[in-house]
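Per-chain residue numbering starts at 1, and chain names A, B, C and D are given in the order in which the chains are listed.
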Amino acid sequence: MSNTDYVLAVEDLTVSFDGFKAIDNLTLYVDRGELRVIIGPNGAGKTTLLDLICGRTKASGGSIKFKNEEMTDLAEHAIVRAGIGRKFQTPSIYENLSVWKNLEVSFPRGRGVFGALAFRCTDDVKDRIQEVATEIGLAGQLELEAGLLSHGQKQWLEIGMLLMQDPELLMLDEPIAGMSVRERELTAELLGRICQNRSMIVIEHDMDFVKRIAHKVTVMHQGKILAEGAMEKVQADPRVIDVYLGH
Amino acid sequence: MTKLRHWLGTSDLAGIALLALLVFVVMPLSTDIFRLNLIGKYLTYAFVAVGLVMLWGYGGILSLGQGVFFGLGGYCMAMFLKLEASDPISTKIQSTPGIPDFMDWNQITALPTWWEPFRHLPFAILALLVIPTLLAFIVGFAMFKRRVGGVYFAIITQAVALILTVLIIGQQGYTGGVNGMTDLKTMLGWDIRTDSARYILYFVNAILLFAAIFACRAIQKSKLGTLMLAMRDKEDRVRFSGYDVANFKVFVFCLAAMLCGIGGAMFSLQVGFMSPSFVGIVPSIEMVIFAAVGGRMSLVGAVFGTLLVNFGKTYFSESFPQLWLFLMAALFIGVVMAFPNGLAGLFEDYVKPWLLRTRAKQPDVPPAEPVVEETTRSVASRTGDSVEPLPAPTAGRLGPAVA
Amino acid sequence: MSTNDDRKGLQSLSRRQFSMGLAALPLIGMPGLSMAAKYPTAQVNTTKLAVTDTEVIVGQLHSATGTMAISETGSIQAERLAIEQINAMGGVLGRQIKIIQEDGASDWPTFAEKSKKLLVNDRVAAVFGCWTSASRKAVLPIFEKENGMLYYPTFYEGLEQSKNVIYTGQEATQQIIYGLDWVAKEKKAKTFFLIGSDYIWPRTSNKIARKHIENFQKGKVVGEEYYPLGHTNFNSLINKIKIAKPDCVYAIVVGGSNVAFYKQLKAAGITADKQLILTISVTEDELLGIGGENCNGFYACMKYFQSLDNPNNKKFVEAFKAKYGAKEVIGDVTQAAYLGPWIWKATVEKAGSFDIDKIAAASAGIELKTAPEGYVKVHENHHLWSKARIGQIQTDGQFKLIAESPNLIEPNPFPKGYQ
Amino acid sequence: MTASELWNIVLMQGFAGLSLFSVLLLMGLGLAIIFGQMGVINMAHGEFMTIGAYTIFLISSLVETYAPGLMPYYFLIAIGVAFVLAFGAGWLAEWALIRHLYKRPLDTLLATWGLSLGMQQTFRSIFGAKEVSPTLPEWLMGSWSPAEGLDIPINGMFVMALTLLVTGGVFLMLYRSRWGLRVRATVANRTMANAIGINTRKTDRMTFAIGCGIAGVAGAAFTTIGSTGPTSGSLYIVDAFLVVTFGGAASLFGTVASAFGIAQAQSITEFFLNGSMAKVITLLAIVTILMIRPQGLFALKVRR
């Protein structure tokens, strides 16, 4: 396989669970600075695709290249360190810790055992936490225990935790699920701001939201890519209408 | 007020002060050397309990084989002491003088080469630190890298304990078998059985224990401690923040093992023998209950728990020999069912809120909001097991409304 | 002990004394007081033991709980019976014996802790206790350091001798050699298969057995096997026995394994009519668990069987059953435990003092003509001279006496030629 | 040694392996149900076995005293009674203890350990500290000798048949009955099972009690090959856990396979080495394999 300019190049990716192919010979490229949205009906393999990219599930075949580096054999933490961040479907934050601690723990320094022992929260860390907290609109809740945040705020916090790592590729699984209209708007703005200098993959169901943020849309169905392109083009595709948008 | 809150916020420190008072002043002054030596013995178990707080309370990993590490540490020290006790003059009755008595009983005529280095105290000390840690590293590395945890880990550590017991008992020519290594007398010529030696060893033990507590406290306060809490809560999130979760688990398992090793060595010194009955499954589980009674999240609580259970055991088995097993059973069940966070949890749940409330009633107290924050935090931190659903969010939302 | 009624009366009296403590003392203390007056406390107790004008405290240290409780219960019972009888006779030097019982809980460190408590805190005048070698090894340094007196009832591996211990059971050679000679002579056994639980007593005993077989009998050991304590599956071992076809299986299996071993032997068709088995680890107590019907016809070498036919034993068995119930049985160790308090009493009276040093010195030569096993005498090495007897297991869980050594066998804890 | 003798030994050794297999399986089975299906670690499993053993002892004493004519037959009924008693005790333990701890699996371990201490002391108080020996029917205790030099233990065959029966029964119940369906549904998704109207609390209690009942049957059967005393149960507990863990907790088939593997390994190593070393080697092999395959021999692969 050739080197590419793409940030992420997924080629011929396949994974099967006891014979069932959740991802079937899938190929996907993501550009630098691109915000890609993946849509598709339930069970299409969207979340499995993210799991494969971030190493949570191991592929049965195919390749995943990030900045031309093969990722399929790396452990999860190594993939993260290479620059891929992943947000889970349900907010995955440390409920017992304060917002501040949540962000501090996500700061990419002192990641080894002894590094963590020696880690000090120096001024640059503090500045970064303040910066991210402002970005995600939680600057006023830094001392609050994360479990006490509202659902939407938890989603933002998890995004903030990813931002702390400053990843080059950010993958968000249904970031606005369960959010109010107002929160959705704020999130759209947030995503617009943070994709300035990085690529993103977002899984989403809300078509208005998708229209608003997507540079390009990929439609998945039964582990395969059904259609890909601009939102208008995809929406007009009869196959897409058939399996997904139609109902 | 701020001072008080600060003081309560670090209630462990208050506990440490109380414990220090008890261990360094009250007990040495109020008990005779026999009881003090007994307390010293209990305090060696406290090393295990402190290790379990780090491993189980903070790391969420329950090991039922901590006795293995306690035993290994104890045996390393006992081997040194036994060699010193087996000089050719005091063993002249044997067919091969100069080797430990149990070797002679098993027709071994020369000291095995792997025993030789244990003639030197520095080597023995090094060994008692390194060997338990190394074993923990091997077991931990293999298990955690493959993400074995929870119940499986507990059972596999049990199997390790069983293997080591069978090995030690089976290889009695080299280990003393069921009897263990008995009749340890001197360390570098210093008689460890005299009252003065017992006093000194008691204080050495206590100082080491406090050093261990402070070291663990420092770890808890560091980012590593935060990460361990985070891991217990959302392991995947930690992993996807770029941390190799297994390494942290291996570290804390090794740390706990090393503490056990120190405890075991102090046991050999203070009690004067070491036996495989510490290595097995039963003592390992009993040691878990020490930590559980004291509070699996509290370092100081674990020490108090160890003292309490052992006092209870000694007292009840002296006063009600037929009933003490029932009482032990009740203790196990009661602590788990009613007080999953042990003594420390009782303090957090009842004493502290009460203290705060009485303070809050006074007029000069600023708005109640921060107090609520403290109470909710204590509610949230009550989660003994990561699997337990968190009561925190609802409690939190109700909190301000109540205030 | 006088007549039956008499004893019962005294017994109920002493039982009341147990419950009421000192209140009941003056009633029976009358003859004793004069005795006690003859031996003023200051004179008989110069080392601050727990001895008063009316009372002497002793310790009892066995496992009442844990796996060893199965074996040690008999010893606890026998020692209590002996002390009760001594009290009924007026006590020791006119002082009633009071017991502090501690539970070793089948855990050797606990034995060490409790023995220290008894010696240092309670200052007991003597301790009757321990059963396993491991527990004895754990407490021995404490008895030597704190200068206490231990009466240890179990037959054991030998290789030990202490000023502070009286061994009322047999050391290894007393039990092993006679039995081996008997099977060699009477059963013409030439080849032996040695089996043991994996710890010091079976291993040391088998070592002595092997030396005796090979060097003195010119026989052959065709197999030697050890299994972990608590092992419950012996089918592979039984097949090995079948391959080796020994004239005699010499078995020293203990604890829960014992039951499994004999039940599986029987199930595998190894019964007394096909295979000679000699054991030194099965007494009447073990037969309770094994069931006599599962091993009848096999032989054991002991110094005592409940079925021994002599007046001393008749009285003892009667008293034991009266106190603990008709279904109770008495094994070799139980009888040895019963000897402990009596030997101590005789020694204290001979020395005219409770002081440990004086008792240790006076012990050698103490005789007990009333011993259920017949007659015993304390050797200078603090072990007992005793006979060895061969018994055959009966279906009712008792032994039939087959042979006994003509003379008392001298205890020899450090046997030359067997090391 | 002649060829026929050697052949006999091979046969008997093969039977020894099979017999150990059925022992391990029988003691692991109840635990496999409780641990595998409910995720509860029942450290008191051995004591539930002891309940079965003492039941045999009680009934045998009763029959011996009051109806000696029934001695040859009582054993089969007594096994049924053992099941009922252990089942009842399990039901009670679940109600009083276990149901409060489902969400804290490691804590059930400690609580049931406490329970086992209490039960041991209860046995000691009721039956005395010494071991007892139930009088077993004569037909059960001998050997079957089809050829000269070949002895097949009858109790071994009995345990084997019983194991077959119980295992078959468990398979049928788990995969062919309503209860089994409910249990499997509850294991797969507790919330969902609840939502579709399965009384998961009742299912749990039933499952726990059945597991304990099977332990009682095992204990009763083991009176033919082992001891009956207050601490007899503790002889089996670790082995039972290893069997279940090694097999892969959620898989009954795995339990069968692992019991077979461990039994063969142990009985063969025992034959060629001495008992202590055999034990160490078997345990080491198990731990090593578990380290390589922590999920056990057989485990479901699921999409996360």
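Definition applied: contacts are C-beta pairs under 8 Å (C-beta built on N, C-alpha and C of every residue); 3 or more make two chains touch, one makes a residue touch a chain.
Only a predicted model underlies this, so the values are computations on that prediction, with no experimental measurement involved.
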Which chain has its C-alpha centre closest to the mean of all protein C-alpha atoms shown? B
Contact-richer chain pair [B-C vs C-D]: C-D
Relative to subunit B, largest Cα-centroid distance belongs to chain A
Taking each chain's centre as the mean position of its Cα atoms, how many Å separate subunit B from subunit C? 39
Just the number, please: Cα centre separation of subunit C and subunit D in whole Å. 36
Averaging C-alpha coordinates per chain, one finds the centres of subunit A and subunit D separated by a number of Å equal to 49
Taking each chain's centre as its mean C-alpha position, how far apart are subunit B and subunit D in Å? 33
Got the subunit D residues that touch at least 2 other chains? 120-121, 276, 279
Check: subunit B positions touching at least 2 other chains come out as 166, 169-170, 322, 325
For subunit A, write out the residues touching at least two other chains, lowest number first. 56
For the complex, which residues does subunit C have touching subunit D? 64-67, 69-70, 72-74, 198, 225-228, 230-233, 235-240, 242-243, 256, 258-260, 263-264, 266-270, 285-291, 293-294, 397
Enumerate the contact residues on subunit B facing subunit D in the complex. 56, 62, 64, 142-143, 146-148, 150-152, 154-156, 158-160, 162-163, 166-167, 169-170, 281, 285, 288-289, 292, 322, 325-326, 328-333, 335-337, 340, 384-385, 387-389
Please give the residue numbers of subunit C that touch subunit B in the complex, ascending. 64-65, 101-103, 105, 107-110, 112-113, 116-117, 120-121, 132-134, 137-138, 140-141, 145, 157, 159, 198-200, 203-204, 207, 226, 228-229, 414, 419
Residues of subunit D that touch subunit B when the two form their complex: 35, 39, 41, 43, 97, 100-101, 103-107, 109-111, 113-115, 117-118, 120-121, 125, 238, 241-242, 245, 249, 276-277, 279-280, 283-284, 286-287, 290-292, 294
Complex interface listing, subunit A residues touching subunit B: 54, 56, 75-77, 80-81, 85-86, 88, 92-97, 101, 104-106, 108, 110-113, 116-119, 143, 145, 147-148, 158, 161, 165
